[in-house]
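What follows is a short report on a single structure.
Just so it is clear, A, B and C label the chains in written order, and each chain counts residues from 1 on its own.
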Amino acid sequence: MFFNQLLEFLEKGESGVERYSILSNPEITSAASLEHAKENEISFLEKGSYLINQFDKTNASALILPDQESLIQKAVSKNISWVAVQDPRIGFAEILEKLYPGFIPIREIHKSAIIGDNVELGKNISVGANVCIESGSKIDDFTIIYPGVVIYNNVHIGKYNILHANAVIHPNSKLGDECVVHSNAVIGSEGFGFVPTKKGWKKMPQTGIVVLENNVEIGCGTTIDRPSVGQTLIKSGTKIDNLVQIGHGVTVGRDCAMASQVGIAGGATIGDGVILAGQVGVANRVKVGANVIASSKCGIHTDIEAGQTISGFPAISNKLWLRCAANFKKLPEIAKALRKLNQ
Amino acid sequence: MFFNQLLEFLEKGESGVERYSILSNPEITSAASLEHAKENEISFLEKGSYLINQFDKTNASALILPDQESLIQKAVSKNISWVAVQDPRIGFAEILEKLYPGFIPIREIHKSAIIGDNVELGKNISVGANVCIESGSKIDDFTIIYPGVVIYNNVHIGKYNILHANAVIHPNSKLGDECVVHSNAVIGSEGFGFVPTKKGWKKMPQTGIVVLENNVEIGCGTTIDRPSVGQTLIKSGTKIDNLVQIGHGVTVGRDCAMASQVGIAGGATIGDGVILAGQVGVANRVKVGANVIASSKCGIHTDIEAGQTISGFPAISNKLWLRCAANFKKLPEIAKALRKLNQ
Amino acid sequence: MFFNQLLEFLEKGESGVERYSILSNPEITSAASLEHAKENEISFLEKGSYLINQFDKTNASALILPDQESLIQKAVSKNISWVAVQDPRIGFAEILEKLYPGFIPIREIHKSAIIGDNVELGKNISVGANVCIESGSKIDDFTIIYPGVVIYNNVHIGKYNILHANAVIHPNSKLGDECVVHSNAVIGSEGFGFVPTKKGWKKMPQTGIVVLENNVEIGCGTTIDRPSVGQTLIKSGTKIDNLVQIGHGVTVGRDCAMASQVGIAGGATIGDGVILAGQVGVANRVKVGANVIASSKCGIHTDIEAGQTISGFPAISNKLWLRCAANFKKLPEIAKALRKLNQ
């Protein structure tokens, strides 16, 4: 594909094309990061990116840039075709979609798949090898189910879902449209509910369900438990990374992002647009307000108001935490100074 | 089912029924939490529960209550049928068992299951689609194995076990009776044992086994490793949540509870009745005494005496930690005050 | 096998045999730890090991010891056959290999395996029940694939690999020779790359690949993501424990060791010989120098120079951290002393 063809494609997209120069209109065969790009490859640079120091060395044939004169001049001086856009990262995502259209499995029910009684299968779906769909479940049109997936009974999977290999969906779970469940994720397993009795732990039956709305993404090995009654709910547009635990009865708002190894304990409520970095923990029944950002390893034990940026354990405002953490390193000095004063 | 029938059932159970009032004897079709309960639904309230403020708004037709006059009066004034018990949570668990008897898969060996040589299968067991049981393994009566489970060779699974979809049980593992292994859990995999040599890491062969006693529950994605020699042992009644790591050669006592994402390093010993909250870590060979409670994200690096409640990293008494954490937030002030004094 | 036969075997190995005494040349049928060893069992003791206090009670018939006169005298006085070596742990590993030769599955393609078009299968490989290998993939000689493994399209698995049950390998991944992928691990899944837009999170296509060089080991449930462009690379000899997350575009050096539940965020670079203890986190794009050792739960947010031993969050030198942590416990006293001074 030539650079001018990619430009045409970008102009139909969301990146906000401002201006460009085709120069020699190179053929673009693939994409790469600025430091690894070779001839006939396209790359991108974001405003203020740490990669700016790779610019002089890049061998890319074309670049997606923010609309900054100095960068454009650099591209021109290196004879690199360029396009300046409002959001280079969106532009790069669109170019990757164009250059790498992705593998679409054959739309068939593999002969080794085991389909239970009263299962309803939509049109143009793909069911891979050794998939097992138990009785009463329903799979809507255009959904792709990769090999080894197990779907228990009475599950409803909407349209255009992708379920990756060996994922497991437990009874009565409901997935909306355009969700992605990655390999080995488990949706709708029994919540960890046990009641202490004189004879030991008694299981609280977990009769509720898990609901994923639309356009939700669940990472590899991530586990989302169902509650004793009611539902565990992940609202539309939320993206969850690998090895995350979502406890029973949790509600997660719209368009949240959770990095790997986050753990949300039972009954917590996470507002819309919340971002949780890696290894964050949220305690039982805590309410985290909309658009809260929690930095990595943060431990959230009390309700957090909307819009806060928080850090540490127990979580405090990120600003305060940075100052506390800086002083933590000085604790031996502080203790020493105090001893001196007390002599 | 009508409320009086549920009462009869409760009176045979463990919740400790004290008194009740049937009132209009409503039909009870399902159960829900206090805030979500609708007509013909039963709910419960625990002593001192934060849900007390939902009482006035509830639409439940029946309630399981602690034996407190004020609560009973409230129920009566709202014309809600009620039963007062010693432990409402146990009562609710029993009611859920009654109302939702649970799905029992067909007792058959699915035709797609692959059963190795010299496998012994008990009576009334259920082996799901695409299950693989390798040679020399033995499955006792009434055990249920869901689709996609892989059981390596010479495993012994006791009676009334439930193995959920895509779980993996490695060679020579022994499971007692009435255990539950949730989806994608891995029991008996090789411990992480490597010896540093001049040529790099040399694998220490992991020739030991994993033993789960009776009534043990292992969460989704949880991994329990076998040791180089001897055994990794989880004693009866212990419940382990999702995505927990139990290292090689660990011993976990009876009736413990471990929340999600706990990690126990090799050779540690956990006493009876220990409770570890989410994301707790226990270091190599540490001994944690009976009935210790560790709060979330706690890092346990040294032996802990029985009965302690601990927090923080490194773990200290919870009481002390709460005071330290409160002062951590004041570190910038403390440093400032000290600078002032030193001027 | 008799003790003299094991000695012959040890002398060909890497443990560095110094001297020995066969005494009654006992038959050795198995191996055990010092405290659990019974008659006809062999055990070992390392220099300075905490197990020294078990020596007097051991019932082992033979011991691998460091070359220390006092230990040898003890063995002689208890009539235990002994061999003194430079590295007893290596010696014990070699003896375990000899005594427990390990289960080798039959070299066959199980009739239930699903093999796609244009799949190349090497000689003497073993493909277990219900394995699925998608089109275009290539498996080299002597590789063992256990039941339930799913290999997507265009994957290349080298020689002498072992893939345990229900592991998943995503498209275009490349594994070198002699790697081990444990049960339920996921290699090459889509990186967690989303671009914020006015309409919510837009997926950044993940068109890169994951490369494992030779002799790499990946724990159960561990997830290794592929990047948007380029590769995620794990270099030769590196060993990764269970439930670890390796983000997209990470490079891990040679001969590293990572304990369970470590998380490495996207784009980080880990040098050769790095050791990360349990639950350590490494932030986006951070560079960790060669031979760094990070203690458990450490949070690494900034580049770390080679050779450091670090602890805490944010990570500081282990020496400083130990002093800070000791003072953290005294914060209530420090605050009190300061209040007193200010009166």
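Everything that follows uses one rule, which is that a contact is a pair of C-beta atoms (placed from the backbone, for glycine too) under 8 Å apart; a residue touches a chain by one contact, two chains touch by 3 or more.
All of these numbers come straight from a predicted model, not from anything done at the bench.
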item	value
Touch-based graph of the chains, sorted into line, ring, star, complete or other	complete
Shared interface numbering between chain C and chain B [over half = same, under half = different]	different
Angular offset of chain A relative to chain C [C-alpha, multiple of 5 degrees]	120
Between chain C and chain B, distance of the C-alpha-averaged centres to the nearest whole Å	27
Residue list for chain B, restricted to those that touch at least two other chains	112, 130, 148, 166, 184, 221, 243, 261, 279, 297, 328, 331, 334, 338, 341
Chain A to chain C touching residues, read off their complex	14, 30-33, 36, 50, 87, 89-90, 92-93, 96-97, 99-100, 102-103, 110, 112, 128-130, 146-148, 164-166, 182-184, 215, 217, 219-221, 237, 239, 241-243, 254-255, 257, 259-261, 278-279, 296-297, 325, 328-329, 331-332, 334-335, 338, 341-342
In the complex, chain B residues that touch chain C	112, 114, 130, 132, 134, 148, 150, 152-153, 166, 168, 170-171, 184, 186, 189-190, 192, 194-195, 197, 199-205, 207, 221, 223, 225, 228-230, 243, 245, 247, 261, 263, 265, 279, 281, 283, 285, 297, 299, 301, 312-314, 316, 320, 323-324, 327-328, 330-331, 334, 337-338, 341
